[in-house]
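Each chain gets a letter, A, B, C, D, E and F, in the order it is written, and its residues are counted from 1.
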């Protein structure tokens, strides 16, 4: 029953448009200040233009809804767009935008900053998901809360567009007992029991463990998810086997975290864990190169 | 007179504490939601603890004031801290924090997310600055507006901590005429003249050019700064030499942008430009690995 | 393993003080406008006073931290206070406040409005919890999302102070499939399977059912929690028995919701469900009567 | 001249749509967080649906404009609606909403939370107004500032939809001298004179009194409104008669407050006071039961 | 009873410090952007300084609390200050401020912008109040809602510091029927009656009239205040006399508005009206000249 | 190269509509509170009206975009409008507005408060620009940061509509070394050199000087702009001549500030400076008289 399936047809996060708009307005405000003095001085008012957002390298598209909402906020119209999750190739047209030329130029940088980051995250996530898939591994790839401050929605959404699992959205949506908690409570068992007794029944209880013994202790104490933290893949293998041997493997989901990279992810996943999570997916983003060009006016 | 000196004793941006606090509050809010359900359930109230922020790899420290203000916002006290710009080594103690154990754990992730990003940016910037310095080059390393939305202050400050130049802070603090502007105005000359005539005398006028001819046209038209955009280093060299030959080299600052990487930065700089700028400094950040550990309670 | 324990030593929600302060500032602003014209006109500046918050009827105290933070926001000092969860009797002193007399009067109404509502909610919750306890029932009492707009934190916290379970905090912290969802997806089974496949592994999946058959279908499909919605207590009993008979009782938590009142709660709980939830706990609050009196100056 | 007429054709408060929208956005944000994970996972994008808001018990409708604006904020269209002040019967259709199915489900709970509270307040108010009317009493029914924090506009508007008087909107729109003020100033007379001398001529001066003598003192000192606070109905009767005897009855409006309930309101009103006010109208709201059902898609 | 006294010992508006702080933070943010690049570059960190705010011309001081709160917001200490309402002479020291030199320079312009405007308003108000007083007139001098957008609190407070009456604070604190309203309702009488019937008993009803006849109509209809709008002083005199003759003078307050200037204010006031109001007090402010000088470090 | 041209075809600041809208919403909120009780009571819902904004004196129009956006925010339509910069004559129609009568009256005061201030600033600026032009002077007229707190965008835009230069927008867009800075650094030369070395190459460096010698020192040190502060026009003349004699006149722009008035501006300008700046343009605004009248319904 607890066996986790590969994330199938993951539906990314969606923010109601008025809430998304609030965030985007703050981004525009940050970039514009009292006005785009270059554009205002050089372009006459009320000149229509058409612009294209183009990819300059291969990757996965993410951020369409966000950038579309940004353009609409400035009364621009997106007349054509690829969809989130689609593959991008160098020089392919991602989106066409029409409207007041000044507004296009005012929006340009903010739009690209959002899109380049989201595509970067989705691309990196998809690469890992594909890698596991090709290797026949069944673990989900998950992100962490190591997102850029203020950008959690965008970062988490990009992960899910790439086929990853968003993991906890913040500190209030699930219990995750970490090393510092355990150090202060005394033991994994005590911490898990305490959490299960005193937390809402709507929340799962996850706990970080550092050894095979702690993993067993965690499952026995009733943890819903056990995170094998900073273990070698050998130790991870041993943990999985020990749990199987004790008939406990199906009682909790197993997540591997810490030290997972593109290079060793298969090694970890092959041990039979349910989830591998990587902070780097969002804390060390390589932006995908995109540009915006005025193509007609 | 216009010769630009290497940035000496750069003073990074400082935000008055109440303004910084507003931004930090929003970051905490994003991560905490209605409460840290794990910490609240596991830790008793009013337990004091001491924690250390430690580096897990080498780099340059940036973000001390920001993270200190975050801890203070949660009534925690920073009892020891290295300073912005100092070198970090694996496992060195960056900062000591004291106070309510729950508050330390609530702040942990947000503090690290800020610090890891800012240190990552400062480290990458410093590496380039040092590289140029060792090679005897005199160009300044500058960032662009390709910052993470909402984090411009943090990103730009981290660049200056690393010894870089912040470049434009937003669309209203200097004129920067780009390809899309020129396409719509008609010519580099026309655009520069228009900007000089109709912009406040307090603002510099910079213009992006794509060829040696345009570079000469820009300087003649009175641009304060000429950005050689996406040119090969050979073309950059030719632009510099042509300007010198025409007696125009001292009339404007020369910036190289587009396609500059760690690998070719010296090649570009050696041609004698004043500034090399790289979007990657802020759009493709590799976070520096840091952790927070409770060391006593 | 899935057996839910009575909520023991529930730790209510805690909001970091700066976030709580933001909410309280908005409440003060709503009540004060451009100033308390009565107090400003009648009281001289800088007169110190001491005030007492007193209960005028019996109940359970909730909101101490919230009101204390409000007073402190106005530079007042709380010198004595009972604690959240303590019993109140008519005319008992709940809290003593000292400081500038004008500020006490400015804060009075907002403080009481918060406290009277939170105590009202905690009292009603505690009454139900005690009633079940005395009857030897083991179900948790839970609230719903039927909270006053803008007051979710305060309402949910008051529920947990009263010994209740906060249930979902918002639409993103757990999956709860309701009648409208099922109507559009087609069946309980289809909806549960879809949710399990496409949702983060960190989230529980709950589903509302309207019949014994649907309850069985839900458990078989892998729901973590099954909500028996608007059923008679007899039907609830049949659902519990059928699940037991099929060996499925331990596979999911059972929640009863809809139509539960103070009068029939035991009848429902006795059938052996894990949770009973009531919207009225927060949508139809009877405020606890409290007053604030200046007792010295 | 000062005789107060029964509130005829009361025009409830109206907030310009953009200001109302700001409040509603905050309510949606509170409920949605990073997204409605249930709806996003289960419903395809861009499915149209029709929903009905239905009453489940009898009462008075209030909140139409507020909820309509909420639906419109999410790009939904209200195609039919009863109007504020109309009577509701069990199962009558209050409103029809059309548009994106996901958006309807995202809005559902917030819309109902607003509507159920506002209808509850309007219903309770109307019941009292009708009761007085049937008994031939002429007092206005008024609310107080005992509203839910953050919801003053909604609560006050619901009172006026029910035929009640909104009373003071906040601390700056009229002078209301209360027991704590009088205690610190010294006497009713002193307080009223001080207020009249030092307050803007645009504001009325009301004072709370606890005895017949104080009522006389207040009127003589020039109070515009005298609040007979926590008096028995017998004392209220004596106060009215004494003022009449002294030829002072027409000089100020008389309000009764404190201890007024549905059961004794006529008794108080019959004594001939102008206003009876009840905190319970807004601090102890019984929500009216309403539901939203998808009826087509 | 309705005779209005000269505003004696007027107590200006006071905003609770946390609310004032919010406004001031926004002002600092507007001026600072991402940092005071001049001060940061030129001054070392942590240098203490002492500064003086000095008057450069004679006037009335207003804004002490506001500016003090601004300095404190930046962790500066005001060690000496004159008080609101005190007379300023050229070169007198208004305030001494101590603390971090950088913070003093960051605050300088915003502090002076607030203070110069508030002193300008208070000075102009006081001049008119004194002029009437010397001429033996008893009318109050009042402001209007013609304040600078966003600065209503500051502008109204400055008026009251100068001895003026703040008049309506906004559209919801009193009824003021203007020409456009009357044009749409039909008549003064109809409008006043409608307002009295359908407005909360806590609000006064004022009406603008353009003739002696309308003034009589307004008083008879029960207006609390009648505004003689844009009348000549002769017509104002006739209105007062007619009302006296009809025994109606004591039934309503009389306000003169429109066309009142420093030159004709006595002429109007001598006719015996209760209030003269002038939009220019806040819409055409002449700032009082003040400066801030570092006097020690 | 550094010769400053008269501001030709100045393009005023433009704020993207969503950002402008945020500011306007705050202004409406400040004026409306919980509702326009007068208009709500007197006017039926859904009555259409047409209104005209009319000038009551001669001047220059500024604020069209701002006020139009305000009207549109309230769903009103501007059917006719003069344009920013056009001349106004007494009683000319500036703008026609159509839509819901209530909304027009709700917007009236805020719209006029914005427009009257902006027109006042533009008119005063234009008067000075015209005066210099007629006298054959070539200096630009510039404003300062002495704007009303919260209104910087509006004040600066009005200046540019009047043909003035906006000068620095805030503390982060250019370096301006003032007396207090120099006092703490030691000398003009030291301050300028320090600023040039440690500031971004995108920013100009301006310095305030108080004598001819300091002016020379500033230009030699490499200042981009030298502000001759509080000098007599004779001293200004001497400064210009000395710089010319030393061959330094073309090296920096010269600005005169302090003590410039309508009466002496030509005297200063004639000495050959590039810019004259006046704080009074924004700190001591005389509003232009405008009114709004309902002309049809």
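Assorted remarks:
Please note the rule applied: contacts are C-beta pairs under 8 Å (C-beta built on N, C-alpha and C of every residue); 3 or more make two chains touch, one makes a residue touch a chain.
Please read all numbers here as calculations on a predicted model, not as lab measurements.
In summary, the chains found to touch both chain D and chain F are A, E. Path length between chain A and chain D in the chain contact graph, taken as the least number of steps between touching chains: 1. Of the two chain pairs considered here, A-C and E-F, the higher C-beta contact count falls to E-F. Taking the CA centroid of chain E as reference, the farthest chain centroid is that of A. Residue-number overlap of contact pairs with D-F passes half for only one option from E-F, A-D or A-C: A-D.
Residues touching across the chain B and chain E pair largely diverge in numbering: under half of the numbers involved belong to both copies.
Chain B and chain C have centres, each the mean of its CA atoms, that are 46 Å apart. Chain B and chain F have Cα centroids separated by 32 Å. Chain contacts: chain B has residues 11, 13, 32-37, 41, 106, 152, 169-170, 172-174, 198, 200, 203 touching two or more partner chains. Contact topology of the protein chains: irregular, matching none of line, ring, star or complete. Applying the touch criterion to all chain pairs gives A-B, A-C, A-D, A-F, B-C, B-E, B-F, C-D, C-E, D-E, D-F, E-F.
Contact residues on chain D toward chain C in their complex (touch as defined above): 26-27, 30-39, 41-43, 47, 49, 51, 101, 105-106, 108-110, 112-114, 116-117, 120, 145-152, 154, 169-181, 183-185, 191, 194-195, 198-200, 203, 279-280, 283-287, 292-294, 297. The touching residues of chain E, counted against chain B in their complex, run 21, 25, 28-29, 32-37, 40-41, 73-75, 102-103, 106.
Put simply, chain A touches chain C in their complex at residues 1, 4-5, 7-11, 13, 140, 142, 165-169, 172-174, 196-198, 200-204, 206, 222, 225, 251, 253, 255, 274-275.
Listing the residues of chain D that touch chain F in their complex gives 11-19, 22, 152-153, 156, 169-170.
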